[in-house]
Amino acid sequence: MQRRGVAQTNSEQWVQCAKCRKILFRPDFERAMRVCLHCGHHHRLCARERILLTVDSNSFQETDADLRSVDPLGFPDYADKLRKGAAASGENEAIVTGTAMLGGYEIGIGVMDFSFMGGSMGSVVGEKVVRCFERGAERRLPVILFCASGGARMQEGLISLMQMAKTTAAVSRLQRAGMPYIAVFTDPTMAGVLASFASLADVILAEPGALVGFAGQRVAAQASVGKPPANFQTAEFQHEHGMIDLIVPRKQIRITLTYLLEMFLPVEAPVR
Amino acid sequence: MQRRGVAQTNSEQWVQCAKCRKILFRPDFERAMRVCLHCGHHHRLCARERILLTVDSNSFQETDADLRSVDPLGFPDYADKLRKGAAASGENEAIVTGTAMLGGYEIGIGVMDFSFMGGSMGSVVGEKVVRCFERGAERRLPVILFCASGGARMQEGLISLMQMAKTTAAVSRLQRAGMPYIAVFTDPTMAGVLASFASLADVILAEPGALVGFAGQRVAAQASVGKPPANFQTAEFQHEHGMIDLIVPRKQIRITLTYLLEMFLPVEAPVR
Amino acid sequence: MITIFDFEKPISELESAIAELRQLAAEKGLDRSREIAELEAQRERLLKQIFAHLRPWDKTLLARHPKRPYALDYVRLMCESFLELHGDRLGFDDPAIVGGLAKLGCYRLVVVGQQKGRDLKERQKRNFAMAKPEGYRKAMRLFRLAEKFRLPVLTLVDTPAADPGVESESRGISEAIAQSMLTMFELSVPTVAVIIGEGGSGGAIALAAANRVLMLEHAIYSVIPPEGCAAILYRDPNKAPQAADALRLTSESALELGLIDLIIPEPLGAAHRDPQTTALSVRSAVLQQLDELSRIEPDTLREHRYQRFRQMGVYETV
Amino acid sequence: MITIFDFEKPISELESAIAELRQLAAEKGLDRSREIAELEAQRERLLKQIFAHLRPWDKTLLARHPKRPYALDYVRLMCESFLELHGDRLGFDDPAIVGGLAKLGCYRLVVVGQQKGRDLKERQKRNFAMAKPEGYRKAMRLFRLAEKFRLPVLTLVDTPAADPGVESESRGISEAIAQSMLTMFELSVPTVAVIIGEGGSGGAIALAAANRVLMLEHAIYSVIPPEGCAAILYRDPNKAPQAADALRLTSESALELGLIDLIIPEPLGAAHRDPQTTALSVRSAVLQQLDELSRIEPDTLREHRYQRFRQMGVYETV
């Protein structure tokens, strides 16, 4: 698989599209929210970029930034990988959470960052997701999660598997509070994250071309009789199969989320 | 389609199996509950026979026997068909309902009779089914329904379509009361009956080989790309496709129902 | 493609004449307005005359008219906004049923409807609005969303029947229809169904277990297609017109029998001659129902809905 | 088929010797009971010695042992009665997951478990206990039945993983796993999960979101199969034994980490050497949990279950 997410930097002024390989003028590329102006390929965003592009200006207030992963099993190279992940992403963990305003509505928000250890879910990601849902239930905030993850974090062993159950339980909290939960699948949304809180949203949006699936492509192909279809494990495939409500180009995500909040959030009874 | 349900009478002593065509000694055949001793084909039973074979002796008390169909649309030949149905079945309508004991448990029971206008559901069948569920909800009785029907009764036009909604609504009444509802699909269970109250039971049993499906076989084949499988629209097909819990030979229906009642009905808290 | 039914033929002849005259006048720069006005008056008289005496079979043809507005046409013409949602979350997304979130007047709604296709390609894609189990399961998912967020539900019914094929049978089309009705009965939000075209048996009632059921004037609602009924009754599918009579599948009959609550009048010449006006009539009828229903308590709504269907049936006690 | 793992080899050699001696004694009518007793004592010593020092990889092999009792074996050996129910009511019935209504002591239960196949044919039919979406959807249907009739739920977990194939992906395997957990969290009846063999990642946790999670002594429970982990970690699937060490997938580790509640001891030589005794141990462990849980109020059960998983996770605050 090509490194589909990353636009190669050729110089300060120019970048190369990871898909069509065309050269793009960087200011244009950034203005297009890192969507290729030629082929429409949606390049990955880091968490902070996503937040900037999504919520109302200056409204984001980060929460739980003080949580750090430890190495509970003494797993080979885990401590090193955590350091490298922090360096690569500039974040302390694979998710940034907080509260913000979106289209004038107060929301709880979580944005995963694939550049921190492939967005994998260990104890800290699990805890931050859970706190996001719990905060939503307590303060009656809708929750919006941008997913980007290769799955559970193997380096925390069974503890990371338990994060699937823990985050799922927290979804049920928000549900009982009657608050909306909207998920946005970005490239990639896989395995343990897809098979837990991500798939349980009231409405699921996805960016075009995002990789979305359960098992690795090789494992899936080996376990199957026929050949996987060409668009296997893309957002488009999952949309065809009823798992995603809408494929939404990056530029329209903000307005789509706003419309959904407007539809779902309780308002005063209409005056007649 | 052969007249699969009916065992031909050759004489007082002998009958011919509708499926394998073998000749059977009538007393043996009746003792086997009209199941062919050679090929196991389950011949249709009329409602009264079914009740006799199912509930505890002398426990059946019929209800709503006083309801009669009318001809609300002035539909061609309907009045005549009603007369013929009554003559053929010895019943006033296509379902007999009541209360009874089964394995020592008090139940509400309804048994459809295919020999009355193909077990079709018009106003009276709908009303009797609804009363069965309502009685179950009010008196906290589990409800057991034996289905045998070609579908809605065309001769009552839209009124008969509404019986699908009406009986479905009544299922929700019983559900809210927390009382179990068990359906037994006998040959045939089709169309408007299958697509309403029949499919909504907590547990669904079926007799081997019963025809169970939505549309007529010809319509289904015409609307499909491939050829229907050999067992299309049999109880076995529906079982493979997750729509029926168990295929139960006629001899074991009583004991299976008793076990289910034992499992579902509230008992005193176990003593410890 | 222009479809002209027998009873529409004289009208369309007049319409052609009017169009020709207009063109001629424009080309030659002549004033033919008097003649045109006369022909138009004639057309109006003829329409009134013909539409005053439609037989159930004529209505069947109108309900199936290829130019008749479809569910998404109504959504577009009557709602302030609409966002379609997709998928049953079980492996499928059935294009024969569409649904989503709409604004209608002061209401936010979940709208679910059966959708026919306008051209051949879309018709095939939408399977002629014959929903498979996944269509009803998508509908149920949206109904549950409506319940969760306390949004009223509007369904737009327009289907010849549920899909009867092998695939649908193998995924439990009967169960899906039954569950769809059950889910509607369980809702505690206001629900309004409008039969906009063909209300075809189980496929239709699956989306019509609502607090209020309205019908467009020339829509039909039937337990069996007239062709199928004719095949059974007369052993001749060509006797569908007689079967349509026997089945009494018109809006007038449904209202008389107490099975629907209201007929929404169509413009003279039926909905396809003026979709805009038709949609506005639907809009105001639906808004009126919502105004009434939204004053009722959730549990009472459920109970009213139960009683609405509970009393349907005609029988005697001896 | 006889499977002898490396660490079991000396034992099976002794067992062969004992069997030979017995046969010889019987054939010749000789009394060799002293020699036999000696060999048996030796076997016992050896078993103790070997089983005192099992590595995580040995446990992995034991958990996958082809003679290990499977879900339906436990049901048969420990329940007074059982009626299997079938189908997800959505079009499928997955043989990889079995479920039904059982009596266990004074309890009536819903039992759901992953079921491996004993011979090649059954193994294929049951897809090596790798459930497809429909398996979890059948489980959910049975969970809801349990909730409705206030029956406690027992799950028996034994799967290498959920089915990862194209078919499962296309029907939403991820959604099914997530919904299965969610459904378990919503239950207000007591729920007990027992990891009886392989607790394979998402496929396992889907059935293990219970009030109490027990593990058989030699079962494993892991976020990833050791082979898969080795392929990533060492770029060599043959280094699975090292990966098993790193993953700490044994019952002892799970208990130490506070992720399970209890280890159910197996007979000397593991469950497959004495299924009957193992099943009775499972039975009494489950009954004890049910006795405790059935004293707790429904809402409290749900809250306890939430808190049980809520506190899982190891991190620091800076």
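Residue numbering begins at 1 within each chain, and the chains themselves are lettered A, B, C and D in the order written.
Criterion: a contact is a pair of C-beta atoms (placed from the backbone, for glycine too) under 8 Å apart; a residue touches a chain by one contact, two chains touch by 3 or more.
In this text the structure is predicted, and so the values were computed from the model without any measurement.
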Check your understanding: Pick the pair with more C-beta contacts: A-D or B-D?
Key -> A-D
Exercise for review: Return the distance between the CA-based centres of chain C and chain D, expressed in whole Å.
Suggested key: 54
Practice item. Using mean C-alpha positions as chain centres, tell me how far chain A is from chain D in Å, no decimals. Key: 33
Check your understanding: In angstrom, rounded to a whole number, how far apart do the mean CA points of chain B and chain D lie?
Key -> 41
Check your understanding: What parts of chain C, by residue number, touch at least two of the other chains?
Key -> 89-91, 170-172, 175
Practice item. Pull out every residue in chain A that's touching 2 or more other chains. Key: 199, 241-243
Practice item. Counting only chain pairs that touch, give me the topology of the graph as line, ring, star, complete or other. Key: other
**Study point:** Pairwise chain contacts, counting only pairs that touch as defined
**Key:** A-C, A-D, B-C, B-D, C-D
Point to revise | chain A-touching residues of chain D, taken from the complex the two chains share | key: 130, 161-175, 177-179, 181-182, 185-186, 201-202, 204-206, 208-209, 221-224, 229, 232-233, 246-249, 253-254, 257, 259, 305-306, 309-310, 312-318
Review point. In their complex, what parts of chain C are in touch with chain D?
Key: 89-91, 133, 137, 170-172, 175
Practice item. Can you check the complex and tell me which residues of chain C touch chain A? Key: 81, 83-93, 101, 103, 106-108, 134, 138, 145, 148-151, 291
**Study point:** Interface residues, chain A side, partner chain C - complex
**Key:** 175, 178, 180, 199, 202-203, 239-246, 256, 259-260, 262-264, 266, 270-272
Exercise for review: Over in the complex, which chain B residues touch chain C? Could you list them?
Suggested key: 66-70, 72-73, 75-77, 123-124, 126-127, 130, 152, 154, 156-166, 168-173, 191-192, 194-200, 213-216, 219-221, 223-226, 228-229, 232-233, 237, 241-243
